[in-house]
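Going in written order, the chains are labelled A, B, C and D, and every chain counts its residues from 1.
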């Protein structure tokens, strides 16, 4: 299937994100965007005008049925991910699907199984994982430069865009969950979430999410579609150093603080205050790789297709994020009730 | 008791906060700081050096027993508030006590009862309530300039100072709870809290707190003693306008954004996206009264003593805050379990 | 010439800025980009791929000689502006030329004369003048809301891009001079400039420029290609209010401060300090028109062509800016020596 | 003179700065503040209340005539510095005098001569030189970590306080000149300054100052009493690294950027653009000594008195700063005219 020298890709969905996929895949050597599919003839016309050599179709089965196509990238509404990804896998294509991977964890599990059966790559487009900033954070965490990780705290708020088919957790928190899944050394065992809706259909536009981990680690996410200012800030606290990741800072997105507390092994007679010391040192902002994340991700997808390697953001990462979103939704409906997670079994 | 023209005040505790109380009361006309009490002779010597006319004592009953003293200000560790405030009320003094008012709501209720019996003012030192910034927010909320209030979100994080007798909720969230109690038009009916401790004695140094209100209002607090950066930021979202209160901004602490969403009364046929419009207008940062909060508060205490008026931060406000802290503690121990509040009965 | 319903435009230069011109003109109704010219076949191929209906040529005289073309936009290196604009005018085209308009004021004067002779529009692309932020500043100044204007101070610094044919004044200060020319109510009578070069060919990469006006007004520009941080900030001080224009602020570019001093008409016996009072009030950040400046400018060019109106950024504005740049260059060579300007005669 | 173990100090002037001097000297071991002098009995009463053991006098000759006093600190208006410092030196006291050291360079030269005759320490209170931030900058410059120094650019603007006896150069630029004198490896040979006054007495409240150095180094200062925002920012550009010093940043005042340009030794055939490369690396914010500058300075003064060492901010530093201020004033009166400096001869 496909030519010897080049991977042929079909892209389904040419709305908000699809054009970015097409542009990035087009710029990679060894990749050819062969077909773009969308319900909208207008959007297809735009694609054709920009990339005259691309085939366009309103029927995505043209992609599934094309034996020249090796891989499919899916950038459609969440509710359609499962059906399209399943069809693509069943027709023997490698798949890269937008996040969140599916609407339910059952669907994700089915996709994982199908990918295994077909021996095809299933990758979820956790784009942030491929940014220079997030990769630097992962590197700092895994190198133990931060020491033990104490907490992960993220704020992602702004005004709009209210989605109609998913709530703010599925729209915004999914970014943070995918980052956490990549950066943190452990998986959470339970979640407590709260939230509120200010629109008639009851879709939550503000949500708060606490994730519980073993070993004294906690994570918290704050997402909001109705904030007067835009904030994209993550704190990672470690026993040795702490990170501030401000994605809106044009030049210094990652700052590493040599700060923390020291716990003195005083004998029990000593007063409490002497047990805790405060330590402050230099701050350091590393230079980051500024390659566009989708380019790095596209190259990685290509590499996995060619080598059979498991993607960094593989189907299991996609499943873990969906499981957390499901549990968070349930907890939010019950005003913070603890909901247990079972992520360990994901990694088979 | 006391002179005709001047209120005599005794101050108990001359550690961190007491000197501020003494300095501010000393600068008010119509007030005389007569006695300062503390366990530490060194601290008392400092007080005497700075205010040679003040009497000093290591025995606070000297204050309770002095018939010339009209009012007592208590700035001691939380665990001693109840005993000292009760003794002061029982000896017929007006009382201003640090926040949180007591360690338990039962204690607060007893203080309220005693103040009523003695017909004395019981005021809790919710200092923030007397700042220009918080008073401006209250004014904007009560004037309906923001429209209906949708949410209150506050972040209060920095490195240190770890307390040994109370957790981060009782140390930091108490500020936000006192501000909310003053600014918001409603009282919460339940709380869900999560948190974690990174020190051996198990005192939580990070906490997240969601407060549930009727009428589509939610509040959330984030407090942290172990953050690499200092943040003091509150968002208040309304149906018409939204506020950002950044207490670290030296010149523009309050910003009012003419931003929000508009809900269109479309017929059911219309697509969802057309139901929500986004509105952005000017931003405005009002000039604030920069009088030191403790001065404003001292004048208010004096005014209430002289007129019998109920203080803005009266004992019932103190009780409400303690009730929320108690419930939050309980919820935090049970990882976010919803705990109902019963604040309505406070206002008798 | 041209069709009845539509203006035909030729664009010369498809390097950095040309594609923006083509894109914006293409999106306007009533305008047709007919031909693009550039020396580089590669760049022309890009233009053709994006806009298949456009004619391309490496010979710009094809544009001058095309009777269907009504107007020419010139986005080439500064040294070529004069020759190209002159040829365009001589062939009866309306002209919009990049800033700075020409290399010398003599050239600008010739262009002005030719435009007059041909009765054609000569407009210089002072893009900033068409931004919402600059138009708001001009509105605030002309409405006298700021009172008398006391000073204009601008900083425009960052790392790169070192130009080889012009120094930092001609590359960066030209923006500020065009803004000032539009916003300020008066024209400067003299200039003092200093600067330095850190590259072998002696092209200045840092420059400071003071402009002297009558009536107690002063302006100062700081431009630098070798700064570690990017700054785009302008202060305008008035007797009543003051503006901060921070072009890097994504949401609040213009802030209006109700601040200033008050000069008391004290009798001569009073001490000096009592003569000056400080006044601080609210800050206000107006909502700005966020239409892309080039779109607004394109519409304005079109309007001027159709009505014969004089453009806001007409050839005389272009000439004034070139005169100041020339004088500044001369002053800089003589280390700050005052050089007189003769801008009044420009407006004929 | 004086006791064997302790240095006795007299402080003249207890207005704005004097209390800081008294407080810091009082906290040093080995120093005794013996006498405070001021014209105002009210200010002296304040000093006495705070420091009961200190002698107070309205006649500063009581200080000069007291054989027990070893050193005098002078914190009075600039116009009185010369007379008081001269009298102090003539009576055999060591002297620390506020900046600027005197109103004229002639006066500074006389003080230097008298200090030499009397073999006494003459130190000028260039406070910034003793801050952790400025000492760190000096260390980075002298260690050659920045490479060759290309420029020094400083902005010091805010609203108020208009001085009546000196213009904004003598009030604000004096800080930057003292920092530059300490940090930069060379002394300027000429100055060009411009400025303006918006008050009736003609005292300049805005000024711009360019300093010319050999070896491709330039410095520029911008000072303004009439700005709507407060800015305290210095850039130091080097061939290897660049510094941003933001004195208003509460936690990261110094940032070191590994940024710059690289000049390639291309053969003459190569195109110009290839000659310049841009280099960006990590940013680093070193931990700073946060000791109060006046404490460090007081210890240094003490050390110089005891050892005879020349102070970092010695009389010659004071003279250099006064010489630059004089020249800048002259240049400003002539609208930027270059005025030569003769600082080399200062160091004898």
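FYI, a residue touches a chain if its C-beta (ideal position, glycine included) is under 8 Å from a C-beta of that chain, and two chains touch if they have at least 3 such contacts.
Values in this document were obtained by computation on a predicted structure and should not be read as measured data.
Touching subunit B and subunit C at once are the following chains: A, D. Of the two chain pairs shown, C-D and A-C, the one joined by more C-beta contacts is C-D. In this assembly, the C-alpha centroid of subunit A lies 43 Å from the C-alpha centroid of subunit C. Subunit C and subunit D have Cα centroids separated by 40 Å.
Chain contacts: subunit C has residues 229, 251, 280 touching two or more partner chains.
Contact residues on subunit A toward subunit D in their complex (touch as defined above): 251-252, 258, 280-287. Residues 150-151, 153, 155, 157, 159-160, 162, 164, 190, 192, 194-201, 206, 208, 210, 212, 216-218, 220, 222, 224, 226-229, 235, 237, 239, 242-244, 255, 257, 259-261, 263, 272-273, 275-276, 278, 280, 331, 334-338 of subunit A are the ones touching subunit B in the complex. In the complex of the two chains, the subunit B residues touching subunit D come out as 49-50, 52, 229-230, 248, 250-251.
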